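In the two complexes that follow, subunit A is the common piece, with subunit B as its partner first and subunit C second.
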Partner chain A sequence: MKRKWFDWRNIYLWLVFLVLYAPIFYLIFYSFNAGTTMTRFSGFSWQHYAELFADTRMIEIVLDTLLIALLSSLIATIIGMLGALAIYGIKKVWLKNSILSLNNILMVSPDVIIGASFLIFFTFLGLRLGFSSVLLSHIAFSIPIVVLMVLPRLNEMNHSLIDAATDLGATNVQVLTRVIFPFITPGILTGFFMAFTYSLDDFAVTFFVTGNGFETLSVEIYARARQGISLEVNALSALMFLFSLLLIGGYYFIEQYNNSKKARRRNRMGAKLIK
Partner chain B sequence: MKKYNTFYSVPYVLWLLLFVIAPLVLIVYQSFFNINGQLTLSNYREYFGSGTYLRMTFNSIWYAFIITAVTLLISYPTAYWLSQTRHKQLWLLLIILPTWINLLLKAYAFIGIFSQAGAANHFFEFIGIGPQQILFTKGSFILVAAYIEIPFMILPIFNAIDELNPSLVNASRDLGATNWQTFSKVIFPLTLDGVKAGVQAVFIPSLSLFMLTRLIGGNKVITLGTAIEEHFLVTQNWGMGSTIGVVLIVAMVVIMFATGERKKKGGQRR
Partner chain C sequence: MANTIIKFSGVNKRYGDTMALKQIDFELEQGKFYTLLGPSGCGKTTILRILAGFTDASAGTIEFEGKKINDLPANKRKINTVFQDYALFPHLNVYDNVAFGLVLKKTAKKVIHEKVIEALRLVQLSGYEEREISEISGGQQQRVAIARAIVNEPEVLLLDEPLSALDAKLRTAMQVELRQLQQRLGITFVFVTHDQGEALAMSDEIFVMNAGEILQQGAPVDIYDEPINHFVADFIGESNIVKGRMLADYQVEILGHQFECADAGMRVNEPVEVVIRPEDLVLTTVDKAKLTVTVDTQVFRGDIYEIMSHDDAGNEWLIHSVRKTAVGQQVGIYFEPEDIHVMRFGESEEDFDARLESYEDDADEKV
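Moving on to the complex of A and B:
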């Protein structure tokens, strides 16, 4: 189906893109405003970026947010990977399916429910709200996504690879580190990545379990947005937009790497078959 | 590998017990306590007895319905035409990109755009309507919620359309169906699963969005999520908050069954 550039369907698509991106660029545009409002542009200036970098409280919050995201995604990746291996090993279909349904509960639950139920849970345990409660919650809601990213890779794996390794005298640990791990690494990386972005983006769950002393970026932006416009937030959003672009770039790099590896493997196998 | 399986599963099973099952049990348990910590059914009695909570629930469902409908109306054509473009994966990536921007920042952008002297009012002045109060209205809440949810609706629909076998569409055209017939009798029914997945991905969060009702809706709209947040963090009435939470969980399960399970049965019938 050939289509002219000015086709009305294309115009519709362009409109959707415009609507999707306009607010983001609106934010970034006003971060360079010399004035202090998001409505009248009175000249170009870096002053709000200077303010942002001088704001030690904000920088501390950014670092805390990154720390939480890194730690939670790392731990969630380890637990999720082990979980995927455990689920993979289950032979009974009903058990596998019910564990998978349990796994998905936190994926489909509204944030408010997760936040509220975790708040009750932490209070019940007597855990002080703050860094640790936020970290635990982020680990908890990131685990299922890691499982969902790793499990398909495990299922894709040819089981005769494991059998061959065992027949050739590999120990269980060797099978795990030399055969299974290399194969599921792409799934693990994607899972880690998703967990990281989940943690960075989360607002509702953190808002419930954060208590008074500890804040993440989303909670801070919420607090500031309730007070009205502050162009420092705009400057921050511009930087975060750049950071998301970098993350997406990284994600695509991983995907490309996986694909090319897959292709290379296929080529190699093809070459062997020809021989 | 048996021995190792139990070893792998320890942390994962602990997670399942502590962070999936325990919180769910606790929220149900908490819903039977009133604000003074007495075991009672009064929360449920109040919820279903007084009109306030039922009206709030109905309103919340109604708004979620409108948001889902608006999102679907915008997303279906987008997904459909997107799947016909040449570099469709690239375009899809561009649709998904805004979801990586923090939700709060997007809401914050609309505070600027919809404000008294913001871009939207400039536009209204330009076309001669004159400035309006946009921020803190129900309309602005629906618009911003739809804006945020659009990519989550486009994605599953796009995947469904992308998987559609083009020869079915060609066959219907060859057999003399009009464009509209091809769409309504072939394309739409075959992509219904994508639509259902999209509805599921949009409807449930729309019931529970609470920061938008505060930042954009100016508390004119109270969703189930807002009510839960209010009870937990403002009035500290955890029992009532949990009761609303239980209602939200039930609503979620109903929606999941309505949009998910039928897939298998319908597949058999077909």
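Moving on to the complex of A and C:
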């Protein structure tokens, strides 16, 4: 009999993981290199991490990038959610579809085009390029993502829930806060995290609209890579990878915690019923 | 009318080109169990939605306790609804679903607790307070929906086909429970169904609807025994409907034979339709028969035999008999004059009621 783990499907899975993760681990591995290139590992050292923490410019850029991501995704989530609610409320089918199409066009159009048009727009308005122009453009390209995450949740909602809440005496605001929000919260959270990662990731749009004196991480790394990459970037990548792992672990933990809380409550109730 | 709580006058509802409701007039009395009965798409839900305030009438007035409420928003009406799909809030447990209306009214926590516990006791769900909605069965969800509505102590409770998702046994049990609940609470129920058996079993008064109109209104027995037209006769229970001619008062001709009947007030020789319920037809020998038919099929239903047969003119006759017969056999059928109900073509409910009243007085005098 064949051994269980030997299976073509398993092999395929391992191969995929290998291909996807190998470059990352390769990068992380060399962040501990005592030498300065990724061609030869000459010994273990923390030297590149020390370099990174001494590089105040880099730390500042990381913080700026996180700030932009956090602010833009927060604002985009609020606007996108309101937009989704507005689109949900539109009765005319053609109008609804046209607005949705406009939303989707923004999703699929190349970042370069969006970046270039923002640049033209901002210079036309006479806006100084820098923090605010990057923030505005990140908000703008995040809104369609949030709309796309929230709208399906709204459509999934049984419309008679709204009638039922009204029937029980809820005002429009109460319907929104007590019925609609709780129902679409998962969509809002997904939208927020998607917007956050899109903002962290973005290179093309940011490249156009950042002026002198303000950089985000992707733009900075690009600039440095052109002069030959330093292993300090590897150290940064390793830290960010660790950070993502922690985020995902935290998310998983919260999920587990919620489930077990529900289960505990059920047990308690079972006990009460037996009494 | 004494204690009128709701009054519809000339209510219309148009959706684009379709008239969902045409000229609806009715009055509901406080404390009665009303049923809107009609096939799917006839406008039952539309009436409930207009009553609850989710939809505006295109024309006409709706009065509640003598005051026009056309422009009163749904959240201000002393009316609550049990939705066809229950519409329970999935993010709240049973207790919080039932408490929803009271919390909005800023009722004291202690009072809310007492009322919710009491409402759940009424629908026999004590002990289910902490359950999630996804953890209870369809029948239990339906009862939560009822508890959530009655806990607000509405004057009128609207129920939109609340039993349609339940299996037959639970459904019969819930019919009895709902009826008892209504009598205990003493409030007005407006119950919607497309199931005639359900309507007959539960109601004080039935409105039979078709295509956006109320065809007939009356107590279950009256509607069953004296349907106004072919549609109502056919929709309320099984019936044999044949063409006939009114020879004189209390005399009708069917299939070339003259029969005594209990109807009057029509023109001489007026063409009419005659209804005879299958359970009123008695099998007999051919020589004692009022009509002779040939048996086509016979199905045993437990309490009765359901016999399909036809006469020489090709009319089908459905007979409910406690005695069995044989397929292919010629049998006689017998019925009493009161078993015949004569219907005029295109008679309005008003004329119908007036005519019935006129000769029922006659009959009383004769006795």
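Here is the rule we use: the second predicted complex is superposed on the first by the 230 of 275 C-alpha atoms of A that agree within 3 Å, B and C clash if a C-alpha of one lies under 4 Å from a C-alpha of the other, contacts with A are read in each partner's own complex, and residues count from 1 in each chain.
We adopt the following convention: a residue touches a chain if its C-beta (ideal position, glycine included) is under 8 Å from a C-beta of that chain, and two chains touch if they have at least 3 such contacts.
Just so it is clear, the model here is predicted, and its values are computed rather than measured.
Of the two partner chains placed by superposition, only subunit B is touched by A:S244; subunit C is not. Touch criterion met: A:V108 reaches subunit B, while subunit C stays clear of it. By the touch criterion defined above, A:L27 lies against subunit B but remains apart from subunit C after alignment on the C-alpha atoms of chain A.
When the two structures are aligned on the shared chain, A:A204 is found in touch with subunit B, with no touch to subunit C. Judged by the number of subunit A residues each one touches, B leads among subunit B and subunit C. By the touch criterion defined above, A:I143 lies against subunit B but remains apart from subunit C after alignment on the C-alpha atoms of chain A.
Of the two partner chains placed around the shared chain by superposition, subunit B is the only one that A:R9 touches, whereas subunit C remains out of contact. Contacts of A:Y222 after superposition on the shared chain: subunit B is touched, whereas subunit C is not.
When the two complexes are laid over each other on chain A, subunit A has no residue in contact with both subunit B and subunit C. Note for the complex: subunit C touches subunit A at residues 52-54, 73-76, 79-81, 83-85, 87-91, 100-101, 104-105, 127, 130-132, 135, 148-149, 152. On the side of subunit B, the complex with subunit A involves touching residues 1, 3-5, 8-13, 15-16, 18-24, 26-27, 30, 74, 77-78, 81-82, 84-85, 91, 93-95, 97-98, 100-113, 115-119, 147, 150-151, 200, 204-205, 207-208, 210-211, 214-215, 224-225, 228-229, 232-233, 238, 241-242, 245, 248-249, 252, 256. Residues 1, 3, 9-10, 12-13, 16-17, 19-24, 26-27, 30, 37-40, 78-80, 82-83, 85-86, 89, 99, 102-103, 105-106, 108-114, 116-121, 124, 136, 140, 143, 147, 172, 175-176, 197, 200-201, 203-204, 207-208, 217-218, 221-222, 225-226, 228-229, 233, 237, 240-241, 244, 247-248, 252 of subunit A are the ones that touch subunit B when the two sit in their complex. Of all residues in subunit A, only 158, 160-161, 163-171, 174, 178-179, 182-183, 262, 265-266, 268-269, 272-273 touch subunit C in the complex they form.
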